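Each of the next two complexes has subunit A plus one more chain, namely subunit B in the first and subunit C in the second.
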Partner chain A sequence: MTTVATQIKLTPEHNARPGASVRSRLQDALPKIVLAPSFAITIVFVYGFILWTVYLSFTNSKTFPSYALTGPRAYQRLWRWTFESDPPSSWYTSITNMGIFGFLYIFICLALGLFLAILLDQKIRGEGMLRPIYLYPMALSFIVTGVAWKWFLDPGLGLEQTLHQWGWTSFHFDWIKNKDFVIYTVVIAGVWQASGFIMAMFLAGLRGIDGEIMKAAQIDGATTVQLYRRIVIPLLRPVFLSAFIVLAHLAIKSYDLVVALTSGGPGGSAWLPSNFMYEYTFKRNEMAVGSASAVIMLMTITAIIVPYLYSELRERPR
Partner chain B sequence: MLRKLLIGTALGSGLAFAAHAQDVKEVEMLHWWTSGGEAAALNVLKEDLAKQGFAWKDVPVAGGGGDAAMTALKAMVAAGNYPTASQMLGYTVLDYAAAGVMGDLTETAVKEGWDKSVPAALQKFSVYDGKWVAAPVNVHSVNWLWINKAVMDKIGGTEPKTFDEFIALLDKAKAAGVIPLALGGQNWQEATMFDSVVLSTGGPEFYKKAFNDLDEEQLKSDTMKKSFDNLAKLVTYVDPNFSGRDWNLATAMVIKGDALVQVMGDWAKGEFNAAKKTPGTDFLCYRFPGTDGSVVYNSDMFGMFDVPEDRKAAQAALATATLSKSFQSAFNVVKGSVPARTDVPDTDFDACGKKGMADLKAANEGGTLFGSLAQGYGAPPAVANAYKDVVSKFVHGQIKTSDEAVTQLVNAIEDAK
Partner chain C sequence: MSVIATPTRQSTGGISARTVNRIVIYGLLALFALFYLMPLFVMLVTSFKTMDEIQNGNMLALPQAPTFEPWLKAWGETCVGLTCAGIKGYFWNSIKMVVPAVLISTLLGALNGYVLTKWRFRGHTLVFGLMLFACFIPFQSVLLPMATILGSLGRFGVTLRNATGFSFGLGNPTVNLVFVHVVYGLGFTTLFFRNYYEAFPTELVKAAQVDGASFFQIFRRIMLPNSMPIFVVTVIYQFTNIWNDFLFASAYAGTGDAMPMTVALNNVVNTSTGVVEYNVNMAAAMIAALPTLLVYVVAGRYFVRGLMAGAVKG
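Moving on, here comes the complex of A and B:
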């Protein structure tokens, strides 16, 4: 701030032009000056470190970063692990889990969110009370969600135990202890947390739709199903875009949920790539492999999000 | 504003300068001993140092636990802001020493005669390149059985001396309707148990060659396959709900009498102590069957960093106090471990502690003191974690046969080297 102030004071002395022009020039520059710090911070701490991670992935960094480039050995290892399915390598488990989790999480959240939003939009009584109830889980941190669901799903503690005590002794639900199903419990907890928020997004979208269009459709004899399928849902397209992006990034960064809910699952069967990255970088002192996995995560997200954004945003101006 | 800043800087550097002339009477310590018993044990050290006029300053670690602390340490060291000392485990000390950030305690070590009193196997981790870089605080050993005495009496069991007797004992418990084996299905607990199984199945020589020297011949030998088969046998005695359970909950099952036995390191004794149980009357501690005479250890160390000159005196005082007989005794009585030097009197220790100390001494003299691979004292973290992966996948069924397990083990260790 000091430098800026000094410049302003100094300028009139050195500048022959009258003050008004200085002022207007300053006004022109002001947005840039104000934005500069955050721009610089973003450049360094986001893009700078992305480049640094890419660089590290080509070294043989172990506990500490080392700066001598040694070729793509880390990628070769990851590539080999990608195809080790029996017994599954940790990397294979992580990426298949990412596929299962990412798809189900995004799909169920969108479907459930839309469904709840449509139900809530039927001008029902008590909507003001219901909405926050659905929205509330979003206010919890992943750790809280994870621990709560861990207890609830634990066969010796939660649901199964309770139903056994109520007399339904044949009830059996041990997904959280089962290496093949543990990833689905992560989906359950994740959907529980995020679907209310997605519902709120869709609800806002529904409220934004012009009532005249609906009336016109009804007059033309459209049934409720047709009304939603042909008119309302297509009109909600921008909301789908926002919801998809919110969900996709939540899915990719779900690290804490896995840790709190399953602590990695039986034999590491609930790992996601983010768990893999943390585990290799910080616990196993294989920083190069960790960095390489982070780069692959980034590439994957880019490959999915960029074409989607491009196709969606390009149509806007029309 | 600028003037204020200038004055501030001048004052600040002046202060720093003044302080430089005199030693800093403070130790800055990074550790994760925050639970009741551990914190109380550490208090003994704080008071020792306070008597000599050194203040104690904890380095705060968010999140607790060793992982968070190690991440914090990495950041501090990368920023060149070394603490006086940090709690460290095994190969971490050597990693940091190789990076050239550790201090030199040799002067203190010679004065205090650590060369003779600290077991040679431990010195592998506390001495780097001929220089003492860490002060060992304690020795934990992992090849223990913790047994609920009431349950043991009920089923009429006796101390198992061989692996087969152990299986027979577990069968008895199963027949009596208690959970025979309390296990937490997390990879480090499974691997910790497997350390004992390997030592029991293959004997001390085999353990050393396979898990400390990482000899490929031994890793893929039939003895290793048999060890995996034995592990598979043990896993049939756990309750169906074991996966993901924390170790202290498994210990609690033994304490409450829901389960007969837990295979766990001697930190489990801390849980028994906290529940006001006495060894011999409430619970029994035996060596894992077939491993009597050998000790598979891990050890907590205080790694000493290369601090500025004015902090060296405080560091030396901390190191001296850490390995003083009085602290070693007082701390380890509470912690459940045994002293890191073999010449500490065992008068204050309970029966299990006394046995642990005698075993450590004998193992040190007989050359049967081995680093635990599961606890990161057998091989560097990359290898140790690859090992834990394989054991855990075997326990949970991703790896189906012992043949496959051995192949995976060899590959994983080769990959991580």
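Moving on, here comes the complex of A and C:
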């Protein structure tokens, strides 16, 4: 990999004339100078700030940052709360919700996305019309999605009321007001928003599969189900991985949807760790605990993303 | 590659089995189309109904006497917190925040992508990797330090204004949000342009070099004219993301006149004083959704490509 930049640097003439040397050295350094501000910004405002947050999590900051280190007290509290299930601590609720939401959101989006992609790949007339319909929710903000679904799931106004009017009076659906079920409404709205996009990813993957392989399998007498289970789905493995990464980091970052859809749910019962962090840092004056929860969120994402990025960036030894 | 549809030899009942198959497939596809359209449909029809009709009618029914009143009220009269001047001001706040943030982050991303592919240096992968990881961090992990810094800058801005008469934008919530979105959008824009320029023939750049073109000349004359598609993708991606952001908006401009649209909408919907005007809420939500929906309708192809590029690295 010889780039132009290194070639220029190796040309000896540049050092010969002192006047030109400054200019040409500046020319050589120009690309780095152009990149430098962005890189510096990233180092300071991403990595520096992360360290700052980590530091704060080891202090006893309350309403205002305090910079005297007091040890891992915030983490000890979170650890204690992790098992405090009766009555559940806010942290216990948040991480349990994260587990439920994360698992269902990722699983349903993947399953539904793949299913729709396979259906759409059957030479469907009107595919050009259906695809955008499945995908448009991705263009909406979580706030708008939350407002729409809040209305739709409201027992007094939405689906329940409508079905009552149609004569199904025993129908009962009040999950959004029920502290044990409210997190599932977040799953519904979240799946509604992201599954179309996952469908598009799978569809792109399906379209990339070599038709010859399929024909060969069909000639060998494979049934449709066998074909998909044994050949197509294994070939889609890279798409599964990308989709999983996208969904996992969306799930951990989810914040707005809970706010808009449930306002946190009855008694904070719909909180995710992101909501916990926001509430503890900015509303409950427990800055150190809030920071510690942010660090835990970051570590979770890091554990998923870093191996992925590492393999992605290493694969190209050009 | 269609399999279920292809009639195979063993289906002796040929046509009919195939027809049933097709009906099931189309039926399922239509059902899911309904599922995706329902909330938008309900939102849309509700925004054109009177309160009376909402309370007594069916959520799925079309408005009996369509009225624009809720839209006008949402735009110009509804209460956001204690101010009752509609959401129009907040809509413009969002525009004022989105336009500069998108332009700056896209341009920087283009330059970064150009350097990282055509002017490589030792450690370019590490630099890119560090910027890329920034795309994925939960912003909660930088939220508080940024709030502290913006607070200090704001205080410095007051001092500056007292001394010189100008605050130079320091402490202005919109300026703050532009800055924040540029900083945390850089990773994505750099990723987009890097992957695009990666496939751009380096020979062209080298030839221009030999002809004595400078770093910026090559960028302006050779790279930029060939970057239209990726510019569209990046601008759309950034526009959607920044317009839809809620976390930064609520943390750094959560109160007062500088609120962006998403925060204002959340406040409108969750204002619990008086009768809840659902039609006005839905109209406000529609107004908040319109810009990104419009972009999606006009340039859906690029929108999807952007999402894909953000998800799968080429």
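In the analysis below, the second predicted complex is superposed on the first by the 269 of 318 C-alpha atoms of A that agree within 3 Å, B and C clash if a C-alpha of one lies under 4 Å from a C-alpha of the other, contacts with A are read in each partner's own complex, and residues count from 1 in each chain.
Going forward, a residue touches a chain if its C-beta (ideal position, glycine included) is under 8 Å from a C-beta of that chain, and two chains touch if they have at least 3 such contacts.
Because the structure is predicted, anything quoted here is derived from the model rather than measured.
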Once the two structures are overlaid on subunit A, check if subunit B and subunit C clash or fit side by side. clash
In the superposed arrangement, which partner chain does A:F282 touch: subunit B (first), subunit C (second), both, or neither? both
For A:F101, select first, second, both or neither according to whether it touches subunit B, subunit C, the two together, or no partner. neither
Touched partner set for A:G267, first subunit B, second subunit C, both or neither: first
Return the chain, subunit B or subunit C, that is in touch with more residues of subunit A. C
Kindly point out the stretch of subunit C, out of 151-159, 205-213, 223-231 or 295-303, that overlaps with subunit B after superposition on chain A. 151-159
Which subunit A residues lie in the overlap of the subunit B contact set and the subunit C contact set? 263, 282
For the complex, give me every residue of subunit B touching subunit A. 1-2, 67, 70-71, 74, 78, 92, 95-96, 99, 185-187, 240-241, 243-244, 380-382, 385-386, 389, 392-393, 395-400, 404, 408, 415-416
Can you name the residues of subunit C that touch subunit A in the complex? 1-6, 8, 25-26, 28-29, 32-33, 35-40, 42-43, 46, 54, 58-60, 108, 111-112, 115-116, 118-121, 125, 127-134, 136-146, 148, 183-184, 186-187, 190, 205-206, 209, 214-216, 240, 243-247, 251, 262, 265-266, 269-270, 278, 281-282, 285, 288-289, 292-293, 295-297, 300, 303-304, 307-308, 310-313
For a test of understanding, state which residues of subunit A touch subunit B in their complex under the given definition. 2, 62-64, 77, 87-88, 90, 154-156, 174, 176-177, 179, 262-269, 279, 282-286
Which residues of subunit A touch subunit C in the complex? 1, 3-6, 27, 30-32, 34-35, 37-39, 41-43, 45-50, 52-53, 56, 65, 116, 119-124, 130, 132-145, 147-152, 157-159, 161-162, 165, 192, 196-197, 200-201, 204, 206-207, 209, 211, 214, 218, 224, 227-228, 238-239, 242-243, 245-246, 249, 252-253, 255-256, 259-260, 263, 274, 277-278, 281-282, 287, 290-291, 293-295, 297-298, 301, 305-306, 309-310, 312-313
